[in-house]
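Following are the structures in question.
Common to both upcoming complexes is subunit A, partnered first by subunit B, then by subunit C.
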Partner chain A sequence: MENLTKQSAKSKIVGFFSDRGRKISEFFKSLPQRIKTKFAGAKEILYEGNGKVRASMLIMGLGQLMYRQWAKGILYMLVQAAFLAYFILRGASDFIGFFTLGTQESNAWYGIEGDNSVIMMLMGILSIIAIIFYAVIYVSNIKDCYVIQCAADTLKNPKSFKKELAELLNQKFYKTALALPIVGVSVFSILPIIFMILIAFTNYGGNIVPPALVDWVGFDNFGRILTLGQFAPTFFKIFGWNILWAVLSTALNYFAGLGLALLLNKKCVKGKTIWRLFPILAYAVPGFITLIAFKYMFSYGGPINQMITDAGGTAIGFLDIDAKWTARLIGLFANAWLNIPSSMLLATGILSNMNSDLYEAARVDGASAWKQFVKITLPYVLFATMPVLISQFIANFNNFGIFYFLRGGLYMDGYFLASDTDLLINWLYNMSIDNNYYSIGAAISIIIFIVTSVISLAVYVLSPSYKQEETYQ
Partner chain B sequence: MGKNLSALVAHIAVIVAIIITLGLVSAFAAGASAGQGSDRFTGELEEGATLRILENDTAIKQGYLKELLDAFNAEYAEYGITAVDANMDQYTDLENDGPYGYGPDVLYQANDRIMRYVDGRHIMPLPVDAIDCLDVVGEQAWMAYSAVSDGQTNIFGVPVNIQGPLLYYRKDLLPENWEEEWDDDENGVCDIVEYWTDLYRFSKQRKEESGGTQFGYMRSFLEPYFSVGYLYSYGGYTFGNNNTDPTDIGHSAGNAELGGRVIRQLASIMDERCIDDSVTTGAYSALASGEFFATITTPDVYTMFVDEMKADGYSDEFIAENLVTADIPKLPVSGDLEDESQGFIESKMMGGVNGYAISSYTDYPNAALAFVNFATSYEMISRRNELLGIVPARSDVASDVGGLSEVINANLEEGNIVVMPSIKENAQIWTPLQTFFQDIAKDPYRTPAEYKYDTLEKIKAALQNVDQQIYDAIFTLQ
Partner chain C sequence: MKKIKIKPQKLFNVAITYLIILAVCFIFLFPILWLVLASFSKTGSIYSFDGFFPTEFSLDSFIRLFTDTDLYNYPRWFLNTLFIALMSSLIGTTLTILTAYVMSRFRFKSRKTMMKMTLILGMFPSFMTMTAVYLMMTQFNLINQQWGLILIYSAGAPMGYLTQKGFFDTIPSSIDEAARIDGASNFIIFIKITLPLAAPMIVYTLLSSFVWPWSDFILPQLLLKNKDLYTVAVGLMSLDDTEFSRFAAGSVFIAVPIVIFYFALSKFLISGLSAGAVKQ
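Showing the complex of A and B:
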């Protein structure tokens, strides 16, 4: 039976990846055709576009002006003027600076203002984003002029500017609504992510921090992580514990939260509001304060050891240097204390939507309470919460605070700049922030991202939320 | 198609040409325009300057900063120079804030924090001839602010006060007959506070007699700042070449393992609280209640002990007479707290020198230097000592104040206070040392079969491992 389950899971994973592989292969095979289709419109414009379209190709908005589309023409011209002004004033130097990362080191002692490589990289990314935006607007300018030409050729009146604006508030409102978020996401989300990824390909960190000039080093940092003797053993030890931690803590928090929600959902429980309040109070206290309190509770001078010694026992080093597994268990417990309340609230909300007829029918068929839980409650709750469960798994995988606050500041024998309770994220912190190796830290964080993405994707694909989406809709 | 394609290509070509031409021109222009620069300390005060002064929180809370600013502003009113509170976190990061104009003009911090800014040229090398207190501050204090840059030794900060640990103890808890039983050298000072061997013996006795509820000496070993001195006392050091060479790490050098054994022995006369830091904040009340007879900490927390004793109902007179601060006891040459047959050596402890530095990003270097000279004048340092209880780095103020200020100054000059290394690699020493100290303090509380440090060879090997960890942290990824 166990073998069958293993084989089934294995075949699902293999099936998923072979399915994805087939799709990727199909994608590349169909690529030439897709490109051909995509550029069919461009070819048409190049072949059929008249002199006015050509004018817009040379100077944005000029064709529109020739068609007496004044507002649009002027707007396109202003965009071009703004872009040129930006590039003349700083965009061009930002763009080149992205590749050089600076040529002149600053010397504040003599008031010599030099280049700041990190800022140059950031501004360089911005200039590339600006170029992409410009290209998009330039293409839209040509398309727009060609659409006007087509309308004029078929003796139709081209859409007025006013009408196009009205469309942006009606049929094409999605474009208006998404414009601002796209700019926001580009600046506040995509830009920092690209920046962080690019840092992994530089030598930024250690002695090379501004005002020293940073350089591009290609894949050197990844090569060092993979080849450095001290790294590999520590990486695999921490990675193994990290996986175990993420699975155990996610499962514990999830099922304990579900259990608590089921318990408080029972009709026989009196004063449910009060009982629900206690976990919420724990949830409301800031996490780091709770963790510091836990650290004190389990310290040698804390109340737990006080009680043990008062009772004639010997103080226990719950979190000290020898306390590998005790500290790990306390970490699990502290994490459960912090996260069970949110799981409970989530499960409470979902359980309130359960169809009581299902249970009624199950009872009539003689199903035990356990059977009802396994066959009705759990599949339903799992289906509804799988995306949350995956996000909790990732959050636990990258749970920095637990062991930083409970047992930070230890380097163990057999570990390179890490302790036996550190997770990858703590190790990353030790190396990048504590030791200023930002580029190595960025490279490790990319590896962590790949690992968590693969695991999350695999779990999601195997989950009912993915396989049985239609069943619950 | 040809014409349209030409128009498209022409547009793209123009844009690309603009970007590349202007980009390259600006890159070369930036390189060419960078000159050699010149010395910014011309001696001419920048009239109308507003200086942002970063002081520590205690100086702000106790009102010292306000007094200092008022006095300086009155003195320099004729030049229109004003000094104001920078109103920033006392541990502001000049490296990240300074280049963008957010940092202070003058900053007061410990030597290790200030000197880590030297490599990035975030603080200015000071013109030695223009520093007023040059001759009245000891050489060791200046060493804390010296570094080689551009091939010559420069001074980057002006010392204000010396941080060095002291022994705090309760005189009333000494044995009544100490003059007969605990004064072998007959110098009128109880040996318990003069020699670690006697303090160890007394602590052992106190713990045994109280059934483990009262202790003699008690202090967590977790903080390397207070623990590494035992290694220094027997030949260990942090970095070679007077704490400037990070390739030479020496916590295991000389007979440093003897210092490790002293720590292990001291841990045995405390309880498990010496392993973690849970006893650190409780030390004030424990000394006040008499649970502890003595502990070691810095001079600036004296008032914390006083407050706790007052809260326990002791009168001011009683506290003044019985809460005593003293120099750190002497260690046995043997490195064994049960063997004083070979005599004693002075204890070395880690210390620090706080001082002022001038940001390289200031627009008013000459006014900033005038402020530093003013703030380190005899009058202001005396006032600082009065209000904040600091140990002045100025020898003239220290000798006028006398007492422990003089003792600590002497300790610094004699090398018994080892100033925290001023190089930025110092940031890597704490975690490996903290791990070792926690491990060795735990040893007496393991079962004999689990002992990790029961021989000097094992302690030596562990210290060598600490040195290797520090080396790895500094150099592996460089």
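Showing the complex of A and C:
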């Protein structure tokens, strides 16, 4: 039975990737056709569009004004004016700077202020994002004008501005709602990520930091991590521990949190609010404080060791340099202590939304409590939280705080700038923030990304939340 | 009148349940109790303790925390943190709930692409982007500005919309359809029907997006150089080693607002409003 599920899981994953392969080849086969249809629309606008549509191509909003759509026309014009102002003042030079990464080396002797390659790259990416946003609005402007023309040609009244605004709150509410999140995420998440990816392909770091000029070096950094004696052994040792850590800690936190929520949900428990307050208390104290407190607790002069020495024993270095497994276990425990409350809260919220009919039916049928849990609660909770579970796995894989506070800054023999509890993210920190290896650090973070994405994509594809979103709706 | 009989098996079950709950509560309480008692210690050093707990108690560390502000201006840090966390939590929650609702209820062209994109983007170690964020903030002149931090926290918040989307997915869509037949627009449905039903999830989002800036120390450390702008986390990290009880007192004090939050909002967290809304 177990073998069978394993087999089907395997075939699902293989199926997913071969599916992707098929889709990709189909995509390329259908590409000419797609381009044709895409351009058919553009062609239609180009040939059929009247002078007013062309006016909109030249100056955004002009066509709309000619059709007496005042508010919309002025809005489009303002967008164009704002973009032009940005592009002339700074966008154009930023855009060029992205490709050159600076040509003028600074020279203090002659008082020349050189180019800062890193800033140039960053602002270059920003200017590209701005251009993409502008292009999208520009195209929508032309399409909009053409739609008005079609309406006017068939003697229908084009939609009034008021009606279009109302539409933005109804059929097109998704556009209104997503506008701000998309801009925010583009600037504060996507831009830095692109920057980081690009840094991995430069020689930024070590001696080469501004004012020195940075250059593109291709895949050199990845080659150095995987082959060079300096990096490779450390990388593989940390990598193995990191995977183990992520699996253990995620499973522990998730099931302990769910168990706690179910326990407190039992009918026989009185005073649920009070009981729930204890984990919340733990949640309320910021993580770094608890971690420092734990560090004190397990330190040589800390209370646990005081009790051991009072009882006649010798002090134990729980977090010492040779305390590999005790330190790891303490980390696991501390992490559980920090994260179980939030996973309990989440499970409580999900459980409270559950249809209680199922339980009644199960009770009538005489199902045991365990059976009810396995057959009703668990599938439901897993369905609702599978994406969260994946993001928790990733958060644990990249859990920086735990070992930074418990055992940070320890460099060990056999490791390059790391210790045996450090995760890849801690290594990354040691390398790039403490020791200036920026480009190597960026390359490590890309490797981390590839690993976590392959694992979580596979899990996500297998989960019911992906395939049957509407099951419980 | 009938006499109520309690089965011994059930009694045993209840006893075990309470025993586990007590044990769990003890585990969660103990480190906090330790920290609280340490904050009332008279000497201020961890080495003068007898085992876990200090031998002499006084209010000195709390008084010093709020009066001796020349070197460590704790009241100021506290207000800074409160402002940043409140603002980021409000803006971030709004953006997250909007994103999650749209992703759960609307079917539009680039939806699946966007969902996959956010999933993939979320897998990048957020940490490595710190360098880029720092450089960007210097360019926007947002170093040493509280709004810079608020911007970063709230702009990044919608990336974690999946929890909320999972919740919206479990709200029966038959409720929406009933309202739509009555002529309500999607915006009205969202405000009048979905939001009240999602109250537990909103509270969860508010809390979790409040706790992040409240306890984060990496970003503020990077962006706030001026001592008067410090948040509590950065400030407490900057304390000297000998100030253990001041550290403990400061830590205890910043737990207070979240505990108040919980008390004020707990009924939303627990009662599932949708449970009785639709019976299928």
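Everything that follows uses one rule, which is that the second predicted complex is superposed on the first by the 345 of 473 C-alpha atoms of A that agree within 3 Å, B and C clash if a C-alpha of one lies under 4 Å from a C-alpha of the other, contacts with A are read in each partner's own complex, and residues count from 1 in each chain.
Methods note: a contact is a pair of C-beta atoms (placed from the backbone, for glycine too) under 8 Å apart; a residue touches a chain by one contact, two chains touch by 3 or more.
All values reported here derive from a predicted model rather than from experimental measurement.
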Subunit B versus subunit C as contact partner of A:G317, first or second or both or neither: first
Touching partner for A:T100 - first (subunit B), second (subunit C), both, neither: first
First (subunit B), second (subunit C), both or neither touched by A:A282: second
Partner chain in contact with A:M57 - subunit B first, subunit C second, else both or neither: first
Chain touching more of subunit A, residue-wise (subunit B, subunit C): C
Partner chain in contact with A:L65 - subunit B first, subunit C second, else both or neither: neither
Touching partner for A:M196 - first (subunit B), second (subunit C), both, neither: second
First, second, both or neither for A:G302, with subunit B first and subunit C second: both
Which superposed partner A:S456 touches (first subunit B, second subunit C, both, neither): second
Common ground on subunit A, meaning residues reached by subunit C in one complex and by subunit B in the other: 296, 301-302
Complex interface listing, subunit A residues touching subunit C: 118-119, 122-123, 126, 166, 169-171, 173-174, 176-178, 180-181, 184-185, 187-193, 195-196, 199, 260, 263-264, 266, 268-269, 272-273, 275-290, 292-294, 296-297, 301-303, 306-307, 310, 337, 341-342, 345-346, 348-357, 384-388, 390-391, 394, 398, 400, 424-425, 428-429, 432-433, 438, 441-442, 445, 448-449, 452-453, 456-457, 460, 465, 469-470, 472-473
In the complex with subunit B, residue positions of subunit A that touch it: 45-47, 49, 53-55, 57-59, 84, 87-88, 91-97, 100, 103-104, 106-116, 131, 134, 138, 142, 205-207, 209-212, 224, 228, 230, 296, 299-302, 305, 314-315, 317, 319-322, 409-413, 416-417, 419, 430-431, 434-435, 437, 440
Contacting residues of subunit C [partner subunit A, same complex]: 10, 13-14, 17-18, 20-21, 24-25, 27-29, 31-32, 34-35, 46-47, 49-53, 95-96, 98-99, 101-102, 106, 108, 118-133, 135-136, 138-139, 151-152, 154-156, 158-160, 162-163, 165-167, 169-173, 185-188, 190, 200-201, 204, 207-208, 211, 214-215, 217-218, 232-233, 236-237, 244, 247, 251, 254-255, 258-259, 262, 266, 269-272, 274-275, 279-280
Residue ranges of subunit B touching subunit A (in the complex, touch as defined): 1, 3-5, 7-8, 10-11, 15, 18-24, 26-27, 30-31, 34-40, 95, 98-99, 119-122, 124-125, 271-273, 275-279, 282, 360-361, 427-428, 430-432, 434-435, 438-439, 442, 445-446, 465, 469, 472-473, 476-478
